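Input: structures, listed below.
The same subunit A turns up in both complexes below, where it pairs with subunit B and then with subunit C.
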Partner chain A sequence: MSGQRVDAKVVMLGKEYVGKTSLVERYVHNRFLVGPYQNTIGAAFVAKVMPVGGRTVTLGIWDTAGSERYEAMSRIYYRGAKAAIVCYDLTDSSSFQRAKFWVNELQNFEENCRIYLCGTKSDLLDDDRRKRGIDFHDVQDYADDIKAELFETSSKTGQNVDELFKKVAEDYVQFTSFQEMTEEKGVDLSQKNTPTYFYSCCHH
Partner chain B sequence: MSLKSERRGIHVDQSELLCKKGCGYYGNPGWQGFCSKCWREEYQKARQKQIQEDWELAERLQREEEEAYASTQHPQGAQSLTFSKFEEKKTNEKSRKVTTVKKFFGASSRAGSKKVLAGKLREVQETKAASPISRQVSVETDRVSKDFIEFLKPYHKAGQEIYKQCKLFLEAMHHKRELSIEEQSEYTQDFYQNVADKLHARWKVPPEKVEMAMDQIEKYIMTRLYKHVFCPETTEDEKKDLAVQRRIRALHWVTPQMLCVPVNEEIPEVSDVVVKAITDIIEMDSKRVPRDKLACITSCSKHIFTAIRTTKDEPASADDFLPTLIYIVLKGNPPRLQSNIQYITRFCNPSRLMTGEDGYYFTNLCCAVAFIEKLDAQSLNLSQEDFDRYMSGQASPKKQEAENWSADMCVGVRQMYRNLDLLSQLNEQQERIMNEAKKLERDLIDWTDGVAKEVQEIVEKYPLEIKPPNPALAAIDSENVENDKLPPPLQPQVYAG
Partner chain C sequence: MAADVHKKSGDVLNGSLFPDDGQHAERSESPTPGLAQGTEPGAGQEGAMFVHAQSYEDLTSTDNPDATLQMPGDGEDVQADQTMIEEISKDFSELSTQLTGIALDLEEEIRQSKEDKLELSPQASRRDSVLSGKEEEDVAMDAWRMHQKHVFVLSEAGKPVYSRYGSEEALSSTMGVMMALVSFVEAQENAIRSIHADGYKVVFVRRSPLVLVAVAQTRQSEQEIAQELLYIYYQILSLLTWTQLNRIFQQKQNYDLRRLLAGSERITDNLLDLMARDPSFLMGAARCLPMASGVREIVSTCLQQAKAKSLVFAILLSNNQLVSLVRKKDQFLHPIDLHLLFNLISSSSSFREGEAWTPICLPKFNSSSFFSAHISYLEQDTDLCLLLISTDREDFFTVSDCKRRFQERLKKRGVYHALLEALHTPFYSVSKVGIPYLRHFIYKSKSSGLFTSPEIEAPYITEEEKERLLGLYQYLHSRAHNSSRPLTNIYYTGSHENLLAWVTNAFELYMCFSPLGTKAAAVNAAHKLMRWIRKEEDWLFILTPQTY
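Let's look at the complex of A and B:
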């Protein structure tokens, strides 16, 4: 039985074919494969243990279906998420418009969820600058607006991928330790959705 | 002679047919000779008694368990306070019981007490076989209790405390039965939270063990609560179950292609795995503990991943997984889907449900059900007309597809589609004939009406008048006076000679 304990839920959002699955695949297995994959039965859910400042955090990474037909259900997915990586294709401006949609949803319904904007396929821009579908500064401004971190990654070369997830884990640790500090005493029973135990050890 | 006795055998006196209670109605051997009304009364009485007995037995077993637990926790003497108290109480009771109890406490080792317990269990099973009402549930509950106690032993003091807490919780829940299911759920969730906190903070149990203990606690309490909180009458759950079931039935025509399911069932291994996935998701309903239900969903999901991987030869992403899960749910139509989802949401340990792998698959299942409920023409990339026609059963998408890939289809199926074709042609023809016939009927009616009208017109135009006879004409005969002057008509004459 799949009993691995998970500290934080991280949900991947983004339009179809922006490369959510590849991003996770690159991060977890450190590879980008075009041909047949081996040994993984699925990349839809992955639990990854990360060392952060002397302790470890287990991120449960939830891939979601990006097709518009499931848009109405996306709320079910990000419920209780601690972080959301909203992906868009750097060469496709429509995917950024969709990313804005999710950011909106998250801001409205999941206040405690931190947002990370992630432009994917940056390697395509290395070949040809003109392929960029949306101006970097526009996105940066938008990210500042919504208080989100912005990353431009390439699952093909691995550029920025580890940095992205590392940041997610670090922020989580910082946030929870801050929370623990502020609400040292007493147990808030109304907060049922947060995992209550948090340890520096993890069975694997 | 034999004939006579046979007759006597068949013969039934009128009085024998009547209800044994003599209420005047007919009885039924199936109801032990009572009429339906009297039988219900009798049965109720028996049932009440049964429940009473069950309850007593359960209590007795409970007590014995607790004592057994206490005895193993405090091997002889050390903790004699509760023990001696118990002895006092027991000595007043019947000797038979005392001996059983003594056996429990005898220094003779656990094996001995186990044997007794096994004996008890057999006793319970025997009575169950004899009684009309099944005691399956209570047997299972007993087993779970024993496992739980067994599990708690290595936790020593904390284990004892946990057991006590669970008991208290169950008792409290018993009094909360009248409350809404949401309140009961909230109370249960609070309980999980409390115990987890205590395990961690007060009893310093290491985290992996907390997880294990929480699973066992959930198993123990939910086995007991299941029948009261699963699909309770106070909610709409059952209605929703039926609605989903009907909905799935109405969507029987949805093909994997429409959902973009990346699974090719023509590959034998894939279709095997698909069957396994369907079996798993159907099996979910038979489990009582939320976690076991989740395990079914997880196992189903794993099979789906295998199916996708076998077909596509690359790891499945959520874009592949969700449609396939929807397809599996549509194909399997698992019983009481909504009730199960609600039950898991309300009573599963939240830390498992919200973040872990099980939680991920469960969320996907919720999503699949939501999708099925909302599904429309657009979500299948169909035109509204096609969707309506498929929903009403006027057309089947499978037929059209059959024409496309009929080459390697089995003969029977091809024959069936041919027959379907033929039938629909016949249907068309018949419709045409009916139309023609109706037209003919109308024409005929019009024609008779027309004729009648024409006749009427003519009749009106030329009314029929009966005039008095023309005197001139009548006079021809009457006033022909000169007739007399005519010679008489010739008479034949006979001449002799």
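Let's look at the complex of A and C:
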């Protein structure tokens, strides 16, 4: 994967055990690994190429460890990120508090990073609605407040996972083309096809 | 008391086994005990890769060895201390039963081990005959381990930090006992203390702001147990750094460190498991993966060529065996740091995906700051792990590119296949040596910090038997390195096997024979084995380490 150009840096943030690694695993390899929970150490990088509207985008995904131990170093993982997928476990309200912490962190230090709130393990709610740890509308209101997209996913069933990353990639494309337009500086004279309205009228 | 097990009729002490014929300056054809360091089989041709480490260096350098107490207290306080110790050891038996949660009869175990003093692990054979079925074996194995050794880490304020076996609830219910223990060790910073009672050794190592405690029924010496505790301490430092650890406790004395260590229990558990079965720790050395020297040289060159400014160490390993190591000139890795890295990698399957980039402190190199480690497997289903240690945490993509370049070079030079081939035979059979009655051996070259050892074969099949063999090596090792009376040659006869240890300032050799062999044959065999190792050193060792 290395040596390959990365278009957009995407960072996964959230409390330990919320399912960040599983989400990346589902998206990149389309699988869900059963077996004992293996917490991430530091962070893991993986790149994935996505087709978006006739072109491709390479997402460079940083799957960070949720352990507080790495909190002080987390900046190196999210610095310059175009998108942050901030995860919380739909069945664990404390993980939502932690998600808010990350949102604040991003708003303070990385204002150009778009935020995607992601409630994980939605399959657990299928069996028992009462397991939901935090009210959906509260989260929706919060998401609106911070201008974040909101997804509920299950890495176990694959529910909504591709949609989440597709949205991330599409937003990136849309945003960068918009940025290219607004960042266009003046007229490039060497470009032959540039329409030359200004030249034809007045001023000579 | 501890000293009881030591006197063994079969021990032959110093001087009688091997003649000392002075120092040889050259690499000699027929190695002898007089080999100077650097000329022994396995010694690297261009110097060492590691910091030269004596066993127990940590204990003897910073600690006063006299602080190891058989029984604390001399003079007027004897009486008081005695009672205190009795109380503590009584509490401790209760504590251990509470924590294991499995009602094996401790008294029974203890009586048994008193009767069979000379057996290293009397429980083993007894249980074999009782149990059948894999599941039962696992349970029994766990129970057996629990009885062998408990390990606790606490803060100086008495807060639990880590406990091997036993849930945290169980641990907090025994905090009272813990506090008593902590106050008992309060006295001296950096001291090792131990209590011997009821067949247990309770060993304390205090490294402010932490106290580490082991309750062991093994035959290991206090020093060896303390050494293991120090490894646990270093393991914690590798996650936090010494500086951070101290800052935290300076700010808040009763901080609950488990918050910061969450998720790392697995790494510490794995370290304790590894120490019980991997002789690397005992030897204070790294095990080399055997490999044709031509292949290894090209691999090392490829690794050396894929360099970057911020890289300090590049390590290629397979299942805790060293394939190649490149280091920055003038920078040496300490074997303890290398073991911690090996342990980290073997304790987690999470490195199999993608590329990990994690802060890590190498406490023996520098305990106050983090390196950044790039950890990845060359291919997902091979057991070849590449570890690149960088000084710059912003340098991920550069370091990642080193990996790519290394892989490209390997393929271009056509050694990738040969490398994978070598992974299929990570061990050689002892029969290759062609010495009758020889079952197993460990040979360490002191100047290179590397050791070689054949596969452990029958009769050491079960995990218990394997650990028993390691226990025997441990016993000989501790006798050979006894700080008050170190020994050069030891011959040990037991009912299941005979062992020979030969320790000089250039090498250490431990051999295990069937009980049918004789001492004279064993001495001959040692010389023969040394010649064999000399002849085969090319593929057994890394003779030409590379630097940046």
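Everything that follows uses one rule, which is that the second predicted complex is superposed on the first by the 175 of 204 C-alpha atoms of A that agree within 3 Å, B and C clash if a C-alpha of one lies under 4 Å from a C-alpha of the other, contacts with A are read in each partner's own complex, and residues count from 1 in each chain.
What we mean here is this: a contact is a pair of C-beta atoms (placed from the backbone, for glycine too) under 8 Å apart; a residue touches a chain by one contact, two chains touch by 3 or more.
Being a predicted model, the structure only gives us computed values, none of them experimental.
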{"item": "First, second, both or neither for A:A8, with subunit B first and subunit C second", "value": "first"}
{"item": "Which of subunit B and subunit C A:D63 touches, first, second, both or neither", "value": "both"}
{"item": "Which superposed partner A:K20 touches (first subunit B, second subunit C, both, neither)", "value": "first"}
{"item": "First (subunit B), second (subunit C), both or neither touched by A:G80", "value": "first"}
{"item": "Contact breadth on subunit A, by residue count: subunit C or subunit B", "value": "B"}
{"item": "Common ground on subunit A, meaning residues reached by subunit C in one complex and by subunit B in the other", "value": "1-3, 16, 21, 25, 40-45, 63, 65, 67, 69-70, 73, 76"}
{"item": "Footprint of subunit A on subunit B - complex, ascending", "value": "189-190, 193-194, 196-197, 200, 206-208, 210-211, 215, 260, 295, 298, 302, 305-306, 308-309, 313-319, 321-323, 350-351, 354-361, 363-364, 366-367, 370-371, 374, 378-379"}
{"item": "Touching residues on subunit A, where the partner in the complex is subunit B", "value": "1-9, 12, 16, 20-21, 25, 33, 36-37, 40-45, 47, 60, 62-67, 69-70, 72-73, 76-77, 79-80, 187, 189, 192-193, 195-197, 199, 201, 203"}
{"item": "In the complex with subunit A, residue positions of subunit C that touch it", "value": "239-240, 259-264, 266, 344, 348-351, 353-360, 370, 373, 393-394, 396-397, 400-401, 403-404"}
{"item": "Residues of subunit A touching subunit C in the complex", "value": "1-3, 16, 21, 25, 38-46, 63, 65, 67-70, 73, 76"}
